[in-house]
Each structure stands twice: as C-alpha cells, then as structure tokens.
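Alright, structures below, take your time with them.
Two complexes come next, and they have one chain in common, chain A, joined by chain B in the first and chain C in the second.
Showing the complex of A and B:
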C-alpha cells in the first residue's frame, strides 16, 4: 500500500513537471491542442454523417455510435498522454539513455513509460470524449443507475490498463531490433480499428480483436456493458484481459531488458 | 575485504560485420556474420571504503563498460563483483540507494525546468526526508557555487554549471559509492578545477568511495592516489599513481642546453635522444646512470645549463595505452 502511495506521488510529480515543461513552449502547446482538435473534428464528422443518414448498425443506433466513438476519443486522449514515452523507447535503447534510469530505486518500466505526459492531446480528447459519451448515453436512453455507471467506469479503467499493456508490446521489440518505424505504424493502425464500434466488423475479426489481441475490449466493452450486450463470460474476460496483458507486458519487459547493452560513451 | 570486490569480470558484446557499400548492405539483409567483441577481459581489483581511484585507459578500453557493470546497468558475461555487499546487476533497490553514477555525456536533469525540480524528483525517488534533502541541497549548492542558479532552467545553464547540477542531483541521496565517468569532459579549466576541488572535499568529508574515469590527467593527479589502468579490456596496472614511473623502470629526462651546436650523433651515445636542436637536446636515461652520463656530457660537450626531470605521468600512462608494457 505504501508503495502504491509512493508511485502515485511520483506520478503526480511527473504530471506537474510535464505540464510545466509543456507550458515553457506556449506556441507548441497551443499547436498540439489545435492539431488534436482537428483530428477530433474529422471523427465527429463520421458521427455527423451517420446521424444525417440515420443508419443503424445492427443493434447500434446513431446515439449508441456517438457513445462508442466518444469512448474511443476519450481513450485516445489517455493513450496520447503517455504515448510519447513509448515512441521514444527505441531511441533511448539505441542511445543508451536507459543507463541513468536503471540506477534509480523505482520500477524502470514505470519510470521509462510514464515519466513524460502530454497534456496538449489529453485536454481536447478528454473534454470532447466526455461530452460525446454523456450525450450518446442520454440520447440512447441507456440506464444511468449506480451499477451501470460503476460498470461503465470499471470497463473504462480496464480499457486504460489494457491500452498501456497491449500497445507497449511492439515497442519492446526495440530491445531486439534497432529501427521500429514499420512496427510503430502497424500498432497505430491497430489503434484506429476502434474508430468505429467493433460491431461493424465481421464476426471472425471481432473474435480475434476481442480474445486474441483484445484491442476491441478497450473502447467497446464500456458501451456494450451499458447496452446489456455483454454476457457474464465476456464481463470476466473484460476484467481479466487487462490483468493478463499487464502481467505479460511486465514479463516481456524484464526479458527484453536483459538484452539492453547500453551504448558506448 | 573492500567495499568493491571484482573478480575475473568479463563482458562480451556481439555485433555483426558489414562490408562497405550497397553490396555489403544487400548481403547483410539476407545473411549477417555475428562477431564478438570482448570489451572487458578478466578484470580483478578491490577498492577500500573511502578510497578515490582513477580508472584510466584509452577510448574503447572498457572503462565505462566496467563502471556500468559495477553500477548494475549491464550484466557481465562472466566473473563476479560485489559492491557494498550487493551483486550490482541484481539491481536491488537497497543497492541503488547506496550508489550513484554521473556520466559526463548523459544527463538526468529535466531540460526545461530548473535543476532544483530534478533534485526534488530525486528526493521523491530515493525517499529522502525533507530535512535531509534541504540540508544536502543547501550544503552542496554552496560548495559547488551554484546557489544563485537554482531557479534557472537547465537548458539555459552553461556546460560547466550543468555538470555541477548533475553531480548535485547524483548526491541527493548521499550514496556510499560514487561512479564518475568523465565528469569534466568538455569543461573549461575553471569549471574542471571547481569540480575537482568539490570532489576532493566531498570525498574527505563524507568518506564516499569514488571511482573516476577521465582523460584529463589533471583530474586524476589532483584526486587519486591510486590508478587502475586498463587497455583492450585487460588490467595493465593497479597501484599508486606515483609508482607508475617505477614500474616502467625509473627513467629521467635530461635536458641539456649547449653554447654551440652539437652533432646529433654525439648525443646518441649518452641515452635515448628525444629532441635535438642547435640549442641543445633532451635525452631519456636510466635514473641510476644520470650522474655518470651527466659527468660524461659535462666533460665532453659545451654545456651551458641542464635540468633533470621525471618522465611526465601522462607519458608513462600513454605507454600503458600503447601496450608497450604489461602489469608487473
């Protein structure tokens, strides 16, 4: 428990310092916010078209789709918050920049993957995502009792852990191979599969995306839970997958770290 | 038993060979020949608590690799090491609280924030209590003469100021052992001197064990009584810095000034001729023969003045680097 408190305090310092650093470069910060808002408008346009056409996808009405896309936008903000750390991992490995982090008495994975937080992306995604979720929720007439809200938030939290665990995996290859550009692109494309609810994909694809590489669990399970579309086994999987994949990312991190050979001075 | 014990430490790196040009690149795409480089080969030494030793060697000798193994950054290929009772590469948190490493070419400070923010982060990471933290920062910032720079962003500091801050950040948790890898690289003479003075004082006051690598002999001569020299991954000298000349065979430099030009051939009979000009010559001679040789020169040549000096330590060390000699 003391350890958790210590890590939370450290996370607080990282967040504060990242924000302070970002505000040192005001123009860059504002540009970041603007670019992210541009991306968001594109995503909102998809939803606007669906509303205009009035199309439903299976059990999903445009209001449901608004909720799902809102969850995706929110999650993108959370992922973007620490994504920069993943992106710089191959470079750090190549340049021997892990040296001074290895000698610190805290988890190296924590230090390397969460020390820099990018608020310019989080802010617009977070605000707009929450508005979309709340609006879609209300318009679709989904239940808003304590259990539903708690369940939605629980799966949202599970989605955050799952995002971190799944999307760290390709970057760990940086310990084995030097250049990761192609793999990073594939990983980003995989994230964009959640642009729309998973119900638009074929059944076999949904199965793979839910049970093999559970990227669909991240943004679909909170909404599916609200709609009563998750059976007990799916709920168990939704809670277990983040833990399993987190443990997998820890294990692979430790194995990969043994490959670290630093760099010549 | 010393605070650092190293026995038969080895480190190998594997890499692949690449022929030059596009042909070599295409060949590498399908088949790569893996080679092994022995960065550190069977090194053994021991360091006593409170000692400050100079770790010397040419570029690529294996100094930094050894420091990285002793600080737990790298796993060795073979051998053993114990640092303050711990096996470094097990990377236990208690071990990490007892050591610190400063690398002249790497930085741990947050670039866009004042260094004091990075100090505070280290305080949180190492779990240093508030009182100790305040005392350490006040004391060290005064000793390093950086008190007025505490609220300046790191990116605005000069290289020398930044290195002082790096050292301060590394000492927030008051480690028992400090590894310094070229801490004065690229610094001006004044900054080098200030850092040397600080390290000397810190070592004397806190009895912190220090291993320092540097290419500046002034650092080593000012700080270390003992030198460990490695070359091509092997230990070639471990002993007092002042004894290096003795190991190489006590030799002296005899500088002779003459009133008229002497034929170079005439000098050669007296010793190893290092320099010659119209005004005189510099000879390298065995120490025990200085008197006799000087007598012969005075008797046979038009000597105006002469001096006898030791061979500069830098030059002696360079001989180890060139592998002209091996350890006794």
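Showing the complex of A and C:
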C-alpha cells in the first residue's frame, strides 16, 4: 500500500509539472487543443451520419450511439494524456536517453510512460466526451441509479488500464527496430475501430476485438453495462482483461528492456 | 533540369528508406476503410440511405475505398520541413544554390509519391475493375479524367501546403498548428467522408472551396456521381485554384524572404 501511495504522489507531481509547463507555454497549449478538436471533427462526423440516417444498429438507437461515441471521445482524451510518452519511447531508446531514468529509484516503465501529461489533448475530449455521454444517457432514457453509474465508471476505469496496457505493446518494438512510424499508424488505426459501436461489426470481428485484442472492451463495455446487455461472464472478462493485459505489458517491458544497449549517450 | 531529376530521385529514395514502416503506414489506411465499409453496408441495408445521402450504395462504397488511397497520394507532409528550414536557418543553403526552393520541394514531393503510387495503382485497378463488374459506369474516359484530376489534385494540395509552410516566416509557433490544419483539410477535402452528403450550405462550400478538388472531385469522377459537364467545371476550378495558390506562394515567398533573418543554418 505504501508503494501505491508513493506512486500516486509521484503521479501528482508529474501532473503538477505538466500543468505548470502547459500554462507557461500557453500558445502551445491552445494549439494542442485545436489539434485534438480537429481529430474530434472526424469522430463527430460518424455521429452526424448516424443521426442523418436515423437508423438503429441492433438494439442501439442513434442516442445510444451518441453515448458510445462519447465514451470513445472521452477515452481518447485519457489516452492522449500520456500518448506522447509512448511516441517518444523509440527516440529515447535510439538516443540512449533511458540512461537518465534507468538509475532512478522508481519503476522505469512508470517513469518513462507517464512522466509527461498533455492536458491540452485531454481537455477538449474530456469536455465534449462528457457532454455526449450525459446527453446520450438522458436521450436514450438509460437508468441513472447508483449501481448503473458505479458500474459505468468501473468499466471506464477498466478501459483506461486496458488502453494503457494494449497500446504500449506496439511501442515496445522500438527496442528492436528503428523506425516505428508505420507501427504507430497501425496502432492508431486500431484504436479508431471504436469510432463505431462494436455491434455494427460481424460476429467474428466482435469476438476478436473483445477476447483476442480487446479494443472493443475499452469503449463498449461501459455503455453495454448501462443497457443491461452484458452477461455475468462478459462482466468478469471486462474486469479481468485489463489486469491480464497489464501483467502482459509488464512482462514484455522487462523482456524488451534487456535489449537496451544504451547507445550514443 | 538534371538537378531537379536528382531531387526527384532523392525523394524516392527517402520514401523507401524505412520500407517496413512505409508498408505498415500504407496498410494502416485499410482499417478506416473497413470501419466505413461496414458502416455504409449496414446503413444501406437497413434504411433508405441512398435517398438520404444522395449516393447509390456502389458509389459510396467505391468512394470509401478510393478516397483513403487518393488522400494518401495527394497528402503533403513537407510543410513542417519548410517551417523548420525557415526557423533554424536551413533555408540558407537553398538561397545560395542555383535552384528554386519551391521546385526543390515540388520534385522531392513527387519523388516521395512514386512508391505510394506503385503500391496504390494495382489496388485501385482491382477496385475499379470490381466496381465496373458491379455495374458502375466506369469507362476509359472516366479513368483518364480521374488520373488527370488526381495529378492536378496533387499539384493543388502541394500548392496549398507550400503556402501553409511559408507561414513560418510570420508565425513563431506553428508546428501543432500544421497538425490542426492537416486534419481539418483532410476532412474538408472529403478524405474521410464525402461532405456533399450533408447537402445545403456544406455542399455549396465543398463545390466552391479548393479542398474538395484534391480528393472528393477525383473520386466522384470515377464513381459516376458527376456528369461530364460537372467534370469540366471541376477541372476549371482545379486549374483556377492551382493558379491562385501558385501566385499566393510566390507572393508569400517574396515577402517572407525579406523578413528572413538567416539565424543558424
């Protein structure tokens, strides 16, 4: 427990310094917000098309889909909060920058992947995501009792851990290969599968996206739980997958780190 | 001319420098195509989407398949380098060479497009053949017009982003702004969805503004949405916008070089 407390305090320090940096370079902060808003336009286009068509996807009405895409927008903000650290990992490996961090008395993975937080990317996604979730929730007439809200938030938290664990994996290839541009593109494109609720995809795609590479769990399970569409086993998987993938990312991080040769530092 | 040939070949070599990354980057374009194809198939099979969006099912599918490829082919990506040259003094070495900086960037841009075109050409041929077999009105004239408009779209997009890159003469912090502009222009060009499905003012703006003439116009030639009269008008708009941005680029360059302080380099 003491270790957890220590890491929470460290996280607080990272957040504080990132926020101070964001406020110091205000133009950077504003342009960061505009970049994220640009990406958001694309996500909102999907919702606009669904509303224009006025079609339900299975049990999902356009209002339900608004909630699902809102969850996706919100989770994108959370992912973007620390995404820059993933992106700079290959560069740190090539330049031998890990040397500076490897000697610190704290988990290297924690330090390298969470030290810099981009609040400029979080802000627009957080605001718009919450508005879409609340609006979709109300328009779809979904229950708002304590259990429903707690379950929704629980699966959101699980989604956060799962996002971190799954999307760190491609960047670990930076320990083996030099240019990761294409791999980053693939992993970003994979994330975009959540632009639409998983129910729109074929059954085999849903199974792969839920059980093999559970990207659909991240943004679909909170909404499906609210609608009462998750059975007990799905709930168990929704809670277990983040833990399993986090353990996998830890294991692969340790294996990958053995490849680090401290070049050019 | 031989120096520009060398620049062209240099661009080609640069594009092939990290081949795995290059092919993975091309492959990443497949994912949004899958998402959108699934979405359109669902909407067209469960509602009267043709009446709502103004595209036949085959037309919208062909649009989805080709727009992503066309968007990648006309995509710029050199504006950050232009800005870097201005900021870091890298422009110095081009100013003293018997070579026009604009043409240097243009031929390198073309060279970098060759490998992408080599990959995209057979894929587009198969897609067009399949569309022809499915009954879409694809003819030799349309294919030729499509290729011409694609080339002009590349030139137009180059001209637009060259002007955007030259903003570095006047603005100090534009790196992230390029990100925003890039995303917004991708959407405005119809690289994600055809924007004329929203009708009204949006459709009018797409028809008048230059961005749609980089992606949406070429694709709407080949999918049979545009008649020959509309194609003729579209070519007129493409040429006119190229002229406008070429003149604007020359003007910005002349004014910008006067402000250029040649720091560093």
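Convention: the second predicted complex is superposed on the first by the 263 of 265 C-alpha atoms of A that agree within 3 Å, B and C clash if a C-alpha of one lies under 4 Å from a C-alpha of the other, contacts with A are read in each partner's own complex, and residues count from 1 in each chain.
Note that in this section contacts are C-beta pairs under 8 Å (C-beta built on N, C-alpha and C of every residue); 3 or more make two chains touch, one makes a residue touch a chain.
Every value quoted in this text rests on a predicted model; they were computed, and no experiment measured them.
S.K.: With everything superposed onto chain A, say whether chain B and chain C fit together or clash.
M.R.: fit
S.K.: Now for A:34: first (chain B), second (chain C), both, or neither, which partner does it touch?
M.R.: The second partner, chain C, only.
S.K.: Tell me which touches more residues of chain A here: chain C or chain B.
M.R.: C
S.K.: So after the superposition, what angle do chain B and chain C open up at chain A's Cα centre, nearest 10 degrees?
M.R.: Between chain B and chain C, as viewed from chain A: 90 degrees.
S.K.: Using the touch definition from the top, say if A:141 reaches chain B (first), chain C (second), both or neither.
M.R.: In the superposed model, A:141 contacts neither chain B nor chain C.
S.K.: Given the touch rule stated above, what does A:10 touch, chain B (first), chain C (second), both, or neither?
M.R.: After superposition on chain A, A:10 lies in contact with chain B alone.
S.K.: Touching A:177, do we find chain B (first), chain C (second), both, or neither?
M.R.: The answer is second: A:177 touches chain C but not chain B.
S.K.: State the minimum pairwise Cα distance, in Å, between chain B and chain C in the overlaid complexes.
M.R.: 9
S.K.: Hey, which residues of chain A end up touching chain C in the complex?
M.R.: Contact set of chain A toward chain C: 27-28, 31-32, 34-35, 37-39, 41-42, 45-46, 48-50, 52-57, 177-183, 185-186, 188-190, 192-193, 195-196, 200-202.
S.K.: With touch defined as at the start, can you tell me which chain A residues reach chain B in the complex?
M.R.: 6, 9-10, 13, 17, 20-21, 24-25, 96-100, 102-106, 258, 260-262, 264-265
S.K.: In their complex, what parts of chain C are in touch with chain A?
M.R.: 17-18, 20-32, 35, 38-39, 42-43, 46-47, 49, 52-53, 173, 175-177, 179-180, 182-184, 187, 192-193, 197-198
S.K.: Show which residues of chain B lie in contact with chain A when the two form their complex.
M.R.: 13, 60, 64, 68, 71-75, 91, 93-94, 96-97, 99-101, 103, 105-108, 110-113, 117, 120-121, 124-127, 153, 181-182
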